[in-house]
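Presented sequentially are two complexes of subunit A, the first with subunit B as partner and the second with subunit C.
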Partner chain A sequence: MTLTPVAPTIRSRPVYAPLAAVPGHLHLVIADGEGAEAVTDMLERAPDAAGFLALTHFLYCPGPTGTDLSDRLQALGAMQFFRAPTIPALLPRLQRVLTDAHMGSRFYLAGSEGLIGQAERDIMATGFPFAAIQKEHRGSTLRRVQCVHCKGITENVATDPFQCSHCGLNLFVRDHYSRRLAAFQGVNIDAEDPGEVPESVVRFT
Partner chain B sequence: MSGVAKLAVRVADVVPVNDLVTRFRFEARDGSLLPAFSGGAHTVVEMDDHGTRRLNPYSLMSDPGDRSGYEISVRRDDAGRGGSLFMHRHVRPGMEMVLSHPVNLFGLDSRARKYLMIAGGIGITPFLSQIAQLSRTGGRFELHYAARNPALGSYMDRLQAAHPDRVQCYFDDDGQQIDLARVLSRQPIGTHLYVCGPKGMIAWVLGTAERMGWPPQSLHSEEFIAPPVGQPFTVELAASGHTLNVGAAQSLLEAIEASGVDAPYLCRGGACGQCETKVIRCDGQLLHNDHWLTPEEQAEGRKIMPCVSRAAGGTLVIDR
Partner chain C sequence: MSLDYKFAFSPDHFDGFFRDETFRGDFTYRNTDPRRFPFPFDRDDYMYAVNIEPHVPGRKGTAFEHLLDVDEHYIAEMTDRAKVLAEDPLRCQSLPHMELAGWDVLELIMEAKARDYPQWFSLERDGNRWRWINRPLGIDESFTFLDASTLPYGPFEYIMRQTQGDWTLQDEREGTLWMDAGIATSQADWSLDFDIGMNFHEWHAPVPMAHEKGIFDRALKFLLKLQHGAPVRRFNWTMTVNPLLDTAPETYPKWGTMKTSVTPENIGRKQHLRVELQSLYRLPRSNAIAFDIRCYLASFDEIVTVPKWGRRLHRVVRDLPEELATYKGFIRNRPLMVEWLSQYDDGAPTSSGWFADD
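Moving on to the complex of A and B:
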């Protein structure tokens, strides 16, 4: 398993790169599911993995398809390891850590786009430059999608089109992405001809 | 016409600040409000120095909320090419002058949670307008300001009186130096760093911050360099077909302009990138003085910034 490839489409669609250890006094590593492997791969390449781990705080939760590599990350012996059952349970911990964080802290996000996007959104809200947040997409390609009509967000969208879990509209999943909302945009596909909905196909797994 | 649109102004006030620094206030000749600017912006002042045209960039130091005039502070450089000496010796209240529209290459990133400002000497000027701007919006800042001694610490009194717990001053003559590692280590996440001052200070601050894990996107610096004096050299302008001699105290850009060719420029201090020009051939050596081109681009020798850079030891051919 390596970096999940992203087909180049529009500029708004996020792209990712392999994580790399950089100088800092705190390494905040936030991962879910297969993202743990991006972390272990980075440590193999790091010139001083032990020194890096001594300054590392892991926040980890299982991925959207059930992959749980908690044991592997915990066994690395980092300064701090925190496991949450889900992304919504992980994010309050991140916000707490950010409250006390100082410049010189570095951020590494790995795993599903939902986890990466929501962690990026919260880190960015502190004023930290988003371009300095490292992100490596691994594992599931399930999408977090905002319905542009009712504004409700549906997690783990697999098919395109799909039905909005809030207002029930049939939504086409765009590559148009909002960093602020940490979500792809879903647009009503049968607005002109209600009921004429193309067959739903599984695009995200 | 290259550069940005011009402003017809009159000198409203000339105030000596200390032995080296004088403040100038400009107001529109027709009494109208001047264009809005943001903290950190600069203007290019046009001078007619007894037949020699000089264009020097200076940071605007006045409150961006006050458009009735612009203020700059000029440090006299007795060994320079003469722009600051002209300002000090010849500019008097009532004189008509021309300024460029303000341009900001050192603007405050409004996403920052806090601004850490580090100033050396006359590098304080952009921070004065930035602090005025932040005082209106309630933005959080911390200023560390180093000067040779209290007498040469322009505007220190004013800053310390207005913001006693946010301004820290240091004096070289007393051997005081900012404890940079300590200051950098205690800044909340989301802080952006702004530094303006002498070249060595900027390099020290940026280098230390990068080593301590500050990402480049959070680091902002500004240093306008005056075109250095050098050996005269010859340049061929391939596009316009002129061959020119660049004098010792003249910049390549000034020589191009003197030949009647309208070349692009903005800051004239090696910072903005506007005057970037393709090098077609260089038999000698390019003397890069800008901080626009990357070290790799400078080594490659395919581009030159005519506002501050020169050539030596052979003919230079550029695409202009």
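Moving on to the complex of A and C:
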């Protein structure tokens, strides 16, 4: 398992790169599912993994398809390890930790795009630019999609088109992505010809 | 004071200049003089280009006469905007760091309108104590410049409720522009709520072909050098069925079916060329860039009253690359458009330039 490839597409669609340990005062590592492997791979390449771990706070939750590598991360013996059952349960802890983050804090996000996007959004809200945050996409390609019509966000979208979990419209999934919302955009597919909805295909797994 | 005014229209007001008309429901929008329309094609074919020129006052009797064009649709457009904002306040947003840029653009607009249309607008200033009078909308406001608590809305929303066109405010940092404030009630199918906070390449990401041609790289390079006092402009265009100002993605399920209502009999009346006269201004205090996307609509019936425009529109629509017709959302009606417009194209050569009379 390596970095999940992203097909070249439009300029708003995020791209990712393998994590690299860099010097810092605090390493905030936020991961879900297979993202744990991105972290262990990074540590294998790090010149001083023990020194890195002594300054590391892990926030981890299982991935959207159930992959749970908590034990592997916890066994690394970092300064702090926290396991949340889900992303929504992880984010309040992240927001609290961010209130203590200062210059010299380093951010490493790994796993699903939903986890990466929401953690990035919360870190950016503290004033860090997204370009200062490392991100490696691993594992599930399920998407977090905002319905442009009702504004509701549907998590873990697998098919295109799909039905909005809030308003029920049939939406096609664009690659257009908002960092502020941490979501791709969904647009009604049968607005011009109501009822003419193409068959759903599984695009994200 | 609320700006959600009820427009009590009397045709006698302002010598009957402003039209009492609608952009929804019964669609009574019409152009008093189609020759005033900013026809966007200066030749018989179209492809993306940066096509930026200085925004300087132009020919009398055209949309270019003044820095900000106030035309006969002003009151009706502001009424339509108030309705859209009442239905969906997310159409006007400003991230917290953009308030100063909002004041900058308020000043730009008030100064320009008071200078160019003294019969309708006036601005009195005593230090930071300002009095703004907008006679067409019945507004007489005394406020303190740079003190948002003295206006009924934030400065950006306040002036936008009195200004035609969608506007965005772009903050400059990290070598690019960030769309951190905007209002969109007459947009060609892009979502302000989704795009706010994006940088220049991100919000243009869905546009086909232009990235590969380097259009956005060149446009950004140019815009980052934009100077205060030297605004620039360019055209964009698309097609809209019915004079529907608010073609937002948010409400697409409500207006999408209109696209299927075009027939050979009604196309001249229903099909509208939608032109965006876009202008860009560097703002003095915030160093942000204000981007005005002013929408003009003209029915095919109105356009073909100018023989040059009828001929040229036929050729442009017929020869447009399929990707662009798809992106602009009129691929399904293109065959009908081309057939109808062909009646107005006798094959004669057209003169270069936009204007009807050249």
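We take it that the second predicted complex is superposed on the first by the 205 of 205 C-alpha atoms of A that agree within 3 Å, B and C clash if a C-alpha of one lies under 4 Å from a C-alpha of the other, contacts with A are read in each partner's own complex, and residues count from 1 in each chain.
In this section, a residue touches a chain if its C-beta (ideal position, glycine included) is under 8 Å from a C-beta of that chain, and two chains touch if they have at least 3 such contacts.
The shown structure was predicted, so the numbers you read here are calculated from the model rather than taken from an experiment.
Judged by the number of subunit A residues each one touches, C leads among subunit B and subunit C.
In the superposed model, A:103 makes contact with subunit B only, not with subunit C. In the superposition on chain A, contact of A:179 is made with subunit C only, not with subunit B. In the superposed model, A:24 makes contact with subunit B only, not with subunit C. In the superposition on chain A, A:80 makes contact with neither subunit B nor subunit C. Contact with both subunit B and subunit C is seen for A:131 once the two complexes are overlaid on the shared chain. When both complexes are overlaid on chain A, the residue A:205 reaches neither subunit B nor subunit C. Contacts of A:159 after superposition on the shared chain: neither subunit B nor subunit C is touched. Common to the subunit B and subunit C contact sets on subunit A are residues 129, 131. On the side of subunit A, the complex with subunit C involves touching residues 10-13, 129, 131, 146, 148-149, 151, 169, 174-181, 185, 187-188, 191-194. Subunit C meets subunit A in the complex at residues 90, 174, 191, 193-198, 201-206, 211, 249-253, 256-257, 259-260, 332. Contacts from subunit B toward subunit A in the complex involve residues 109, 111-114, 184-193, 210-218.
Across the complex, subunit A meets subunit B through its residues 22-25, 98, 101-106, 123-124, 126-129, 131-132.
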